[in-house]
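Chain nomenclature is as follows: A, B, C and D, assigned in order of appearance, with residue numbering initiated at 1 for each chain independently.
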Amino acid sequence: MTTVANAAAKPATKPATMAQALQRAMRDAMAEDPSVHVMGEDVGTLGGVFRVTDGLAKEFGEDRCTDTPLAEAGILGTAVGMAMYGLRPVVEMQFDAFAYPAFEQLLSHVAKMRNRTRGAMPLPIVVRVPYGGGIGGVEHHSDSSEAYYMATPGLHVVTPATVADAYGLLRAAIASDDPVVFLEPKRLYWSKAQWSPDAPDPVEPIGRAVVRRTGRSATLVTYGPSLPVCMEAAEAARAEGWDLEVVDLRSLVPFDDETVCASVRRTGRAVVVHESTGFGGPGGEIAARVTERCFHHLEAPVLRVAGFDIPYPPPMLERHHLPGVDRILDAVARLQWEAQS
Amino acid sequence: MTTVANAAAKPATKPATMAQALQRAMRDAMAEDPSVHVMGEDVGTLGGVFRVTDGLAKEFGEDRCTDTPLAEAGILGTAVGMAMYGLRPVVEMQFDAFAYPAFEQLLSHVAKMRNRTRGAMPLPIVVRVPYGGGIGGVEHHSDSSEAYYMATPGLHVVTPATVADAYGLLRAAIASDDPVVFLEPKRLYWSKAQWSPDAPDPVEPIGRAVVRRTGRSATLVTYGPSLPVCMEAAEAARAEGWDLEVVDLRSLVPFDDETVCASVRRTGRAVVVHESTGFGGPGGEIAARVTERCFHHLEAPVLRVAGFDIPYPPPMLERHHLPGVDRILDAVARLQWEAQS
Amino acid sequence: MTVQELPGAAPYRPTPPPAWKPRTDPAPLLPDPEPYRVLGTDAAAGFAPELLRRLYAELVRGRRYNTQATALTKQGRLAVYPSSTGQEACEVAAALVLEDRDWLFPSYRDTLAAVARGLDPVQALTLLRGDWHTGYDPHEHRVAPLCTPLATQLPHAVGLAHAARLKGDDVVALAMVGDGGTSEGDFHEALNFAAVWQAPVVFLVQNNGFAISVPLAKQTAAPSLAHKAVGYGMPGRLVDGNDAPAVHQVLSEAVARARRGGGPTLVEAVTYRIDAHTNADDATRYRGDGEVETWRAHDPIRLLEHELTERGLLDEDGVRQAAEDAETMAARLRERMNADAELDPMDLFAHVYAEQTAQLREQAAQLRAELDAEGDA
Amino acid sequence: MTVQELPGAAPYRPTPPPAWKPRTDPAPLLPDPEPYRVLGTDAAAGFAPELLRRLYAELVRGRRYNTQATALTKQGRLAVYPSSTGQEACEVAAALVLEDRDWLFPSYRDTLAAVARGLDPVQALTLLRGDWHTGYDPHEHRVAPLCTPLATQLPHAVGLAHAARLKGDDVVALAMVGDGGTSEGDFHEALNFAAVWQAPVVFLVQNNGFAISVPLAKQTAAPSLAHKAVGYGMPGRLVDGNDAPAVHQVLSEAVARARRGGGPTLVEAVTYRIDAHTNADDATRYRGDGEVETWRAHDPIRLLEHELTERGLLDEDGVRQAAEDAETMAARLRERMNADAELDPMDLFAHVYAEQTAQLREQAAQLRAELDAEGDA
């Protein structure tokens, strides 16, 4: 794993969307390294249904950015073979739920190949998965599938929440010699930030969380699509007298216990926030490991604000499912402030 | 969901293996209900590679116990269609890892069909999955895949740890109008108990945990293949002066918060024990929800003894991976006894 | 064990090799080299005028349904609509060849087939409006839920047909899939199960030239998609998908074959998606107008209209009548779709399991409380 | 839009339908109706004596390898062994037709092919002994890890061959799979990708009659498994899998075709699994002795031995020599397998990631401490 971006003379920034930053990350990686290949359904001529691969086939040719037949196991399975021969495939799954047909390849091969071969056959594959809801997608288009990936040793699981991280983390993922499941929050694709594609912020290697907002009362632990919601909640919480810290995990695997626990030890209270269903979702692991490590610093149990334990709702009902500011504040309110020492 | 067994005049018990009890459960269900169909790879003529379906094809014919072509998605997918037409398919996946090709069907259809159709199209399907290690199986033959199932709303996830439960829970699973992932601990297939097939113990409906051993010092929360290990650990703990309570979950979904939390509130300490990898495994959810509900009763954080966060080891190394008595006792020792109030 | 120790080894006299016999005769399984056509050929004369008129009326309604649904996306009344404009002959024929007791397994593009089978269009469009997933009771018209994960409904159709046969019911399942969907593993597994079980199922592949932006040439190198049938030991039929009577005939024959125990058939209907993939798609990114125009000239409605007119089975009145019927249907649909869907957020918890779990009861109570608080505020 | 409003509608004159042309000519793709045979036919005369002798020696070694490995399971030196007795002609030919730079993708039954390609048998058997998963560096002999999840290695072979071609290397991949494995979705997806990409890959299906207990008739209704090629637009070849020179020839031709850019081929070799599925299986549960005896008479070694003897290319000395060589190999293998494998439990954490995560470091330390404590006790 290498850190890829280096700070050069910083040109002026301009507004960019997360989709553009992701595109740029692939473009730069492809330009630097001829072994990087992008593949998937509609990634070539169309530029992807979210236009994240826009222009790559034109610039690098169809052999470097390939429209595959419509078969997810086949896409990932052939990517495994390509990686065996020294290429670095970047695979796009069109939507979260359409990655499921590729689970066999992911779980039994992608995640295990390095280990099976005692390191002789690493698989530097990036699997890009647009995930999560909030875009009014019909069924099978809004799943939060991160729990499946987290439960699979051998994978890295990464998810950006900002435009700069989208670029930096994807560069790091492509540079990684291990397989990375790269979860792209669909509803942040069009989120904008001032950002300079020519001097992207240096990015730390995969595996570091970041404190997005410091605070003293309690820590919100979150990632991806829920970061903006948590930032908003933290703003709103000031009115209630709570000064919330917000930690953006960025990497679910490996997990940055250090940053998270340092924050929780400081604040003594924590709420984990994510869209994924609560039961069996990432929050259980996060709450459990924070509690294991910070038990005597905790004034209250670590609480979770998550999607309900139901199949993802139809578009017209999704707002009731998604963790929103109010639900986060309700959880913060239940952090046993009366017991405050 | 109905309770199936009823206590009749109790004939003498005799030793039976878990495999025999499972076979008997299918046999009795098939005899009672002509809509029950067993299907999978090698389940017919051979009686399954673990002989769990032995004799069913002979007794009920190949149309009721069917050797399918070798394709797990096809097996589960056709079972969905059969259930749509009113049958109750009991599907066997030959080994845990070979259920992965069927995940698409499981996650996107089996788990969701009732909800998608507002209850008009329930799918009473049982997916039997031999799981876990300890039998010297080569790679892909010893996975503990329960975390994937737990993270999928719409499924019930059940696992027996005793001969009597194997019968009772499988009868309940087959009788359930919802899909049930029925996890069979491979290494307990040949475990024996005194049991009467003719008057099986009445079984409660799916969803109830059971206290297998009462104790006052701490609670071991476990299920399936780890139950015997926990019972042994509890015995061994007496020498150290610990009186351990052991809870057998039996059902991971729905989860019996009541029984588990009642126990932990009594003892004030808990260790969750399972074979599955720790990170992202079932223990995180369990520890988190127990902590949420019992925080002020806890003298120490809920700890986890689980498989390491690695692909399942080769046969000659598996004993280092599997939670054993010593590792459980080590965890119990870390329950901050010095802080005892 | 060395060679010499093989039981009964020396002296070894070669015997004829173990018998080889093909399980099915490949030759009759091979599809015709050209798509089967009726319109403009002598075969057309063999069709009952009522059937042709019925097909015509349904095609016209179908086209109007497609344009209306597309219009509803612009008015924000549908979240998304994958149009079957240009493919109406397949959609309509698929519905008409089935008996009441048969089952239809549509893909997400096939709401028209479901509607032509009798489904309330508002219910058929529920998924795409976004107020629920499946908007109808599948058992009512024996239409399986519209299926979005590609090809995953094919094994369902096989299983259902197999179950019906086991129960002694002479029910046939007809499953629809696109050219892109044929690349999925589930397509393969479904066809194989169907052939091994001799299940009464008909697979209709609408080869409309594209899977979103990906043209057929990047999807397969097979002579035709119908040729895939050979590898499963079932007949493959190739038909002009814009020739409604031809599609109707080929599907009817396949359904009849399935019903009399002859097993499954794979039908490839060669057609074209005139509109973009969905209203959200920009088809100019991946195909030229020329191709679209060629296919517009081969429009299923025009083709049939021409035949009917030539043969004096349709006059201007008849055309006007069909158009007016379609207009009435469209007006009704527009009006009903303009009414807001009635939604109860508590439904989110109502159908996950037969019995609500304790956890879902808790979560439902939470949402209830939130909604009450919202209401109070 | 009503019919009349179609752009340029009236008067409508039917034009010829959009051109239909099959993407590939199906006829030459159809496999021969009978498995191709060399031994006992005139074709045998065309084979170089050296090749036939080489094949013979390898078959004899291969058989001995199979019996030795089976014996090792009885002695507890192998956890399990899936024997390829009776299938040696396929195993050996698959290895011999490849160049050094080519890649072999074996299934779990194909350790013999890997060994015939040059792999150390002890390394090939590591998986089945149980001290690690893949016991060799796949790059060393260009043998992919033995693959247990059925058919999942086929897309790997396609991807590797495709990558090689993109890099300009004239490398061919040969992938092995069983008759049962052809039912898996991954088989379908791999063959389709291979044909669309014209990847230099050869698929060898060993149809040995059974998938564990399930006979071919419950696996497929196709005329032959080779016929599946038609649906992908690639040639299918049917060959007698016990006729070593025939298999060698058919595979060589397929490899040559792939190497010169002609794309993939599907080869079905009709053979038989003489032993049970593995040592743990009880084959008497699902098949009779009669069938096994028929196939024993069609033994690959005997068939070739007979040919060689008849043609004066092999005498008793030659037979003895081959047997002795095989015996030496077996003795060596037995001896080496009788040595205990050296195991380091800490390896469990060494190769999960390129860099150990903090969590794995913690867990490794825990195990280290436990082992130290054990050692002390």
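To be clear about the criterion, a residue touches a chain if its C-beta (ideal position, glycine included) is under 8 Å from a C-beta of that chain, and two chains touch if they have at least 3 such contacts.
These are the chains along with the protein names UniProt gives them: A, B = 3-methyl-2-oxobutanoate dehydrogenase (2-methylpropanoyl-transferring); C, D = Pyruvate dehydrogenase E1 component subunit alpha.
Small disclaimer: the values here were computed from a predicted structure and weren't measured.
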{"item": "A-D, B-C or A-C - pair sharing over half of the B-D contact pairs", "value": "A-C"}
{"item": "Top chain pair, ranked by number of contacting C-beta pairs", "value": "C-D"}
{"item": "Chain centre separation in whole Å, for chain B relative to chain A (CA means)", "value": "31"}
{"item": "Distance from chain D to chain C - Cα centre to Cα centre, in angstrom", "value": "37"}
{"item": "Euclidean distance of C-alpha centroids - chain A vs chain D, Å", "value": "39"}
{"item": "Shared interface positions of chain C, touching two or more other chains", "value": "132-133, 149, 183-186, 188-189, 192, 196, 218-220, 347, 352, 357, 359"}
{"item": "Touching two or more other chains - residues of chain B", "value": "68-69, 71, 73-74, 97, 100-101, 104, 108, 112, 115-116, 139-140, 153-154, 253, 255, 279, 309-311"}
{"item": "Footprint of chain C on chain D - complex, ascending", "value": "1-4, 6-7, 9, 12-15, 17-18, 20, 22-26, 29-30, 33-35, 37, 39-40, 60, 63-64, 67, 183-189, 192, 195-196, 198, 216-224, 227-234, 240, 242, 263, 270, 272, 294-299, 301-303, 305-306, 319, 322-323, 326-327"}
{"item": "Chain C contact footprint on chain A (complex, rising order)", "value": "41-42, 44-47, 49, 67-74, 97-98, 100-101, 136-141, 279, 308-311, 313-317, 320-321, 326-327, 330"}
{"item": "Residues on chain B engaged by chain C in the complex (per definition of touch)", "value": "1, 37, 63, 68-69, 71, 73-74, 76-87, 89, 101, 104-105, 108-109, 112-122, 153-154, 156, 176-178, 207, 253-255, 257-258"}
{"item": "Partner chain B, residues of chain C touching it in the complex", "value": "132-134, 137-139, 144-145, 149, 152, 154-164, 166-167, 173, 185-186, 188-190, 192-193, 196, 347, 350-355, 357-359"}
{"item": "Sites on chain C touched by chain A in the complex", "value": "79-80, 127-133, 148-150, 180-181, 183-186, 211-214, 218-220, 285-286, 341, 343, 345, 347-349, 352, 357, 359-360, 363, 367, 370-371"}
